[in-house]
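Chains here go by letter, A, B, C and D, matching the order in which they are written, and residues are numbered from 1 within each.
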Amino acid sequence: MEKAINATDGASGTTKANVPIMETRGLVKRFGSFIANDGLNLTIRKGEIHAILGENGAGKSTLMNMLSGLLAPDEGEIYYNGSQVSFTSPRSAMEIGIGMVHQHFMLVPALTVAENVVLGIKQRSPWFRLSAACAEIERLSASFGLDVDPRKRVADLSVGQQQRVEIMKTLYRGADFIIMDEPTAVLTPPEVQDLFRVLRALREQGKTIVFISHKLQEVKAICDRVTVLRLGKHIASMPMEGTSPSELARLMVGRDIQPPAVRQPPGDGAKLLETANLSAWHGGIQVIRDVTFDLREGEILGIAGVDGNGQRELCEALMGLGTKHAGSITVRGRSIEQPSPIAMIASGVGYIPEDRHREGLMLPMSIGENLIAKQYRQSPFSRYRMLSRRAIRDAAMRAVQAFDIRTPAVDHPAGKLSGGNQQKVVLARELMLRPDILLAMQPTRGMDVGAAEYVHRRLLEERERGCGILLISTELEEILALSDRVAVMYKGRMLDIIDRRHADAEQIGLRMAGL
Amino acid sequence: KETAGGASDNGAGESGFKVALLTPGPVNDSGWNAIAYNGLMKIKDELGAKTQYSEKVTQSDMNEFIRGYATDGYNVIIGHGFEFADPMMAVAKDFPDTWFLVTSASVSQSPNVASISINNREQGYLMGTVAALMSETGTVAAIGGTEIPPITNSVKGFEEGAKAAVPDIEVLTTMTGSNDDIAKAKETAISLIEKGADVVMTNANQAGSGGIEAAKQKGMLAIGSNQDQNPNAPDTVVTSVIQDYPKAMSVVVKSIMDGAMKPEAQTLGVKEGAVYLAPYHGFDAKMAQEVKDKIAATVKALEDGTLTMKNE
Amino acid sequence: MVNKEASAKAVAWTVEALFFALTIALALLAGALIMAAAGVSPWQAYQLIWQGAAGSAGSIKETLVKATPLLFTGLSYSFAYRCGLFNIGAEGQLYLGAMTGAMAALLLPPLPMLVHLPLALLCGFIGGALWGGIVGALKVGRGASEIINTIMLNYAAIYLISYVVTSPLKEAGGSLPQSAALPASAILPQLFGSRLHYGFFLAIATAIVLYWLLNRTTWGYEIRSAGLNRRAAEVMGFPVKRNMLLVMMVSGGLAGLGGYVEIAGIQHRLMQNFSPGFGYDGIAVALLGGAHPIGNIGSALLFGGMRSGANAMQRVTGASTSLVYVIQAIMIMMMLCNRYWLGGYKKALVARLTRGLRKTGAAGANARLNLTE
Amino acid sequence: MGEEMWISYAAAAIRLSVPLLLAALGILFMSRSGILNIGMEGMMLIGSLAGVLGAFYSGSVWMGLATAAIVCSLFGLLFGFLVITTGADQVIIGTAMNLLGLGLTTVFGRSLLGMGTEAVQVSGFPVVRIPLLVDLPWIGPVLFEQNAITYGAFLLIPLAGFLLYRTPWGLQVRSVGENPLAADTLGVKVHRVRYACCSIGGMLAGFAGSALSLGILNQFTENMAAGRGFIALSAVIFGRWTPSGTLVGSLLFGGADALQMRFQSLGIEIPYQFMLMFPYLLTMLALAWFSGKSRQPAATGIPYKSAANRNA
């Protein structure tokens, strides 16, 4: 383990002022006997965009939760604007101007955007003027290009739109110190550019931003200074200038990151999955329009697109998860009349759902019990309809080893793993099935570079094995890195599918925006 | 006022004779269970026995209670209601020196199980007679709570009595299905009043007062059941037909004390003085002499046996 | 190190036991205040409750008798709960089971006990399953709340029984609202000349079977998964809807079985209102037992003991049995406070007491944490 | 249906709905803040007794109402303490509350009101005729000749709607019921909001209990809520957690019950038990017919530990 570089090293970088706005001294946070933050000394200067980097579970969110009043530190002090502060609640942090955009949305789905935004704000009148709030939100929304409709119910918004509502909440409250925990994880390149525009504008106005991301290019592009955490410890703080993404990656992970290996273009494999004029409706609204594509053995078909353009519904239609559909679905030349999860799993289709908490895992169950969810009827996991605990534990043990799942114990509940490790459990489950076809939605969402690299490697291995993968991601880089062919989804349609070799990032970016 | 602690051992015990009572419901229900409680008090006061009671005894607990009292050396154990019959007979075999009395049933088992029941049909008959004679609209109503023999018999007798007194009378009968739900009894009575009934009889234990309340509110008349209910609503309750379980109980316990008791089932009615009319109170002045005479004639007929009926 | 872990465990145990004792003591104290306010001597009352619940062989048997239907209804609630369903309808299902069981007992031609009794028990199960199944079907087919429907069917069942015992099943020639006595071939035999009957052992066996079913079988796994995350279970292709229906049926069936066991073991004939709220008490039994079949055995015994203790107290002091409802309620509340509220303090206390032990054990903990490296 | 019958029917339906409606509104407030209250039955009983005690000792029915409201909001806070601060399972605390309510009212009802066989009577809510409106044909006598608490109950519907949907506090309540963590991060005091809802829920339980004991019979009897707490819960679920829906749910049940009573007195040859089932079965049918989309507030039943000490 390297020795920590002094947090307050000299170089001022691009920041205008050198005044610290936020300092921590010896901050410690324990969860039971586990130390999530181990004596962190950190300085954040006024008016800078400060990146916090670290592997999954390095303690970034924990630290930020303490800075924003959501968690109370076990030891150590926090100084804000030179005076020591201790927060009793997020409200007390907010009152002095600290706002946070959380990694996992803090929204009330049943309420409208405007209601979410004004929630908790002290009102002068005993009842609201929602229309005034709506106007203000529209104004902010227009000026920062956030494009949120204040009257919509949050439950009806896509994940990307919800993220924007989260940003809106902090902006609306006029915070000076804004913490963003992986805000770009669900945004498309143009949206990221928009967000960066917003961030720069905020910086111009003298606001300080703490920016957490696993995407080193982004960090490089927008941040002034960077802090790296590993295993709850402070590793380094330095100005952005003069560092390279690969150096940061090494600091974070403690080793070098390899880009995906060059690989053979797929042969002319058999058609595994075909759809013709697939359409689907959700609550009377058409969400997929005439989608026609095929997926061949040993290829990865990447589907790019801004979140909320029908990708999820496409997967759900393919898996037979509830949406009413028209058109045909064919698996290995066999037409599937009534798709259902059971039928699709039986035909060898694996599915990595977008939302692992809602659809991917039974959080209170152990890793093992989650792993066998699609194979529990088979030997060795069950015999004569009785589960074999030993086989389940063995499977968990193997998966923990093979997928490098960081867990205190093999029979730990999945809900107590970090998000990235939870994702690995889902991945392990699907790959254990040796699927012929894999529908992978956002498979690396929220994962650090090291873990994401690992997932990518595994997906490519599956491809080598002959598995056809439908890779749906809002991260264009990921799509371009892995796919053999690329398509874009926009407003429920699948725009023309092109070969990766002819694909061009800029052009696809434009298509994603509907141009 | 008494507290919930009903251990009424204070003024008793010289005789060393101990009587226990088990009731299916709360003893302050101004109805079925209250009657038994009054009977127990009468036994305590008049016969000087040491008394104890357990209320709201559920069917799964009966056996346990009966056995418990028998083990504790009680001389007489009274189960107030037919539902006590089975467990009484089961336990009685093990305690030949204890007397087991069941009310509202017709069971007996040698040497120590006897039962007493009141002729509720006669009770209902009298109530029906009074109601029909007091009615101006030609419609009277009887409301029952749950379907248990004392209630169903009185409702049946009510219909017969009313028809006998005024042949073209219309009798409306309804069951509320609950002896707890006053609100339901009251609303049911209101609905019957609105269908034209002007005299209402409600026999539903504690919920029964709901019927009287309805009549009072609507300015109609009511017939009380089981005990004198006139004091609660002096301008509404014409009279009440009383089933004198207290008297029956004390008579039987007395005969046990005297060693004269036989294991048999007895039914007591008007003739035995266990069913009779409460005073008319304020209505004495308001009722036509002719009506009073007719009622008296019916009572007479039941007393001398020219008119007989049996519980079902 | 093993030694240290063992002593750390002992510390944790001691703290747990101390708090438990403290909880019970506080609950009893609160109960005593209420008793005193109601004019009953708490000391005498508690003595009697203890004697009635566990003071003699006879009272222990009585406790077991009382625990039997509670265990069935508790299991009924637990089973549905584990599938994410709230079955507030054990009361009605219990009645239905008693009714169908009694029908099988009374209406079938004479049969030997070995055939008749199991058949009647099965019919009891089926009756409850039917009542639960209606709710399950409405839930699966129409998305109708099982909470409302089970509550509604409780009332419907009570009226149905009232009808049955006054008309079709009424004892021939009798005038009372009750069925004829069940034939001996359909009655659960009693043991040791007491009221303790084989139903108690049936209940215990049922709990064990249910534990095994839930934790060791694939069906149990499907049920638990659906209970923890219904959407995920659907996505993973579990037959969630079918299971919800089946679980409601089994849950109802368990209560129904309890109903017939109660009348075949204790009442020996069908009457209305024979249940003093076993179905509702079952909810508390289930949840106090952590919705775990084996935990339910403990909580059913606790409740059974309270009930029979209450009866003994009532008989001697004449105090209302309602006092025991109050004590029961206070006890439930206190125990939950202990479990949920003080949980953090207990942990902190244990951590403090074992800090010395931990320091040297830390290396071991870290080793486990880094299992993968 | 003739005018007379309609009026009597509709008025009865409304009277029967009022206690349900009040209790349901109490449950609604608690539900919207994420607290499932199946202990309403017990709270209502406490309210009934407290109302009678208050009225009995003060001589004023309004003091009775106030007593019930205060006592019940204290019990609401106790419920709140147990499920909010303690984080105990809400269903089991609800069950315990029912036990506690039944036990306490029985024990203290007797020791305070005495257990004489005649129930203590107090004066009830006055019937208020609203001038002019009461003369409207058909609806006048139905809607504008009710007792005071009925008007109160109906006025509470728009008030509840306003509170929940038009005020910042209502927004907090709704958000706390859906996603308390999110609300917490925005500075909403989750526990405070839930405590407020619990005490409002308790207060409304007190109103509901007094509507039974002071609005219908002016006396307390044991277990007089007779399952209305559970029916009220159904009304809330049926009404999809909105005030107006809750009103519909309560009226549906009250209306069906009133109808059932009228069916019975028509003398149709169906066993009365099946008529008694009618309101319950109708509720089920209506639910099956309209259901589908209804979804309870997402955080219902899940205790919330404030973010800061979640890991304590």
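Keep this in mind: a residue touches a chain if its C-beta (ideal position, glycine included) is under 8 Å from a C-beta of that chain, and two chains touch if they have at least 3 such contacts.
Molecules present, by chain and UniProt name: A = ABC transporter ATP-binding protein; C, D = ABC transporter permease.
Worth saying up front: this structure is predicted, and the values here are computed from it rather than measured.
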Farthest chain relative to chain A (centres taken as mean CA coordinates): B
Distance from chain B to chain A - Cα centre to Cα centre, in angstrom: 75
Centroid distance [mean C-alpha coordinates] between chain C and chain B, Å: 37
Centre-to-centre distance between chain D and chain A (centres being mean Cα positions), rounded to whole Å: 45
Multi-partner residues of chain D (at least 2 other chains): 106-107, 110-111, 273, 276, 309
Chain B, residues touching no fewer than two other chains: 3-4, 6, 177
Multi-partner residues of chain A (at least 2 other chains): none
Chain pairs in mutual contact under the definition given at the outset: A-C, A-D, B-C, B-D, C-D
Partner chain B, residues of chain D touching it in the complex: 4-5, 8-9, 12, 15-16, 19, 106-107, 110-111, 114-119, 121, 212, 216-219, 221-224, 226, 257-258, 261-262, 264-265, 267, 272-273, 276
Residues on chain D engaged by chain C in the complex (per definition of touch): 38, 82, 85-89, 91-93, 95-100, 102-104, 106-108, 110-111, 227, 230-231, 233-234, 237-238, 271, 273-274, 276-277, 280-281, 283-284, 287-289, 291-294, 303, 309, 312
Residues on chain C engaged by chain A in the complex (per definition of touch): 215-222, 224-225, 228-229, 231-239, 358, 362, 365, 368-369, 371-372
Contacting residues of chain C [partner chain D, same complex]: 34, 37-39, 86, 88, 138, 142-145, 147-149, 151-153, 155-156, 159-160, 162-163, 166-167, 280-281, 283-284, 287-288, 320, 322-330, 332-333, 336-337, 339-341, 344, 348
Chain A partner contacts - residues on chain D that touch it in the complex: 162, 166-168, 171-172, 174-175, 178-179, 181-189, 297-298, 306-311
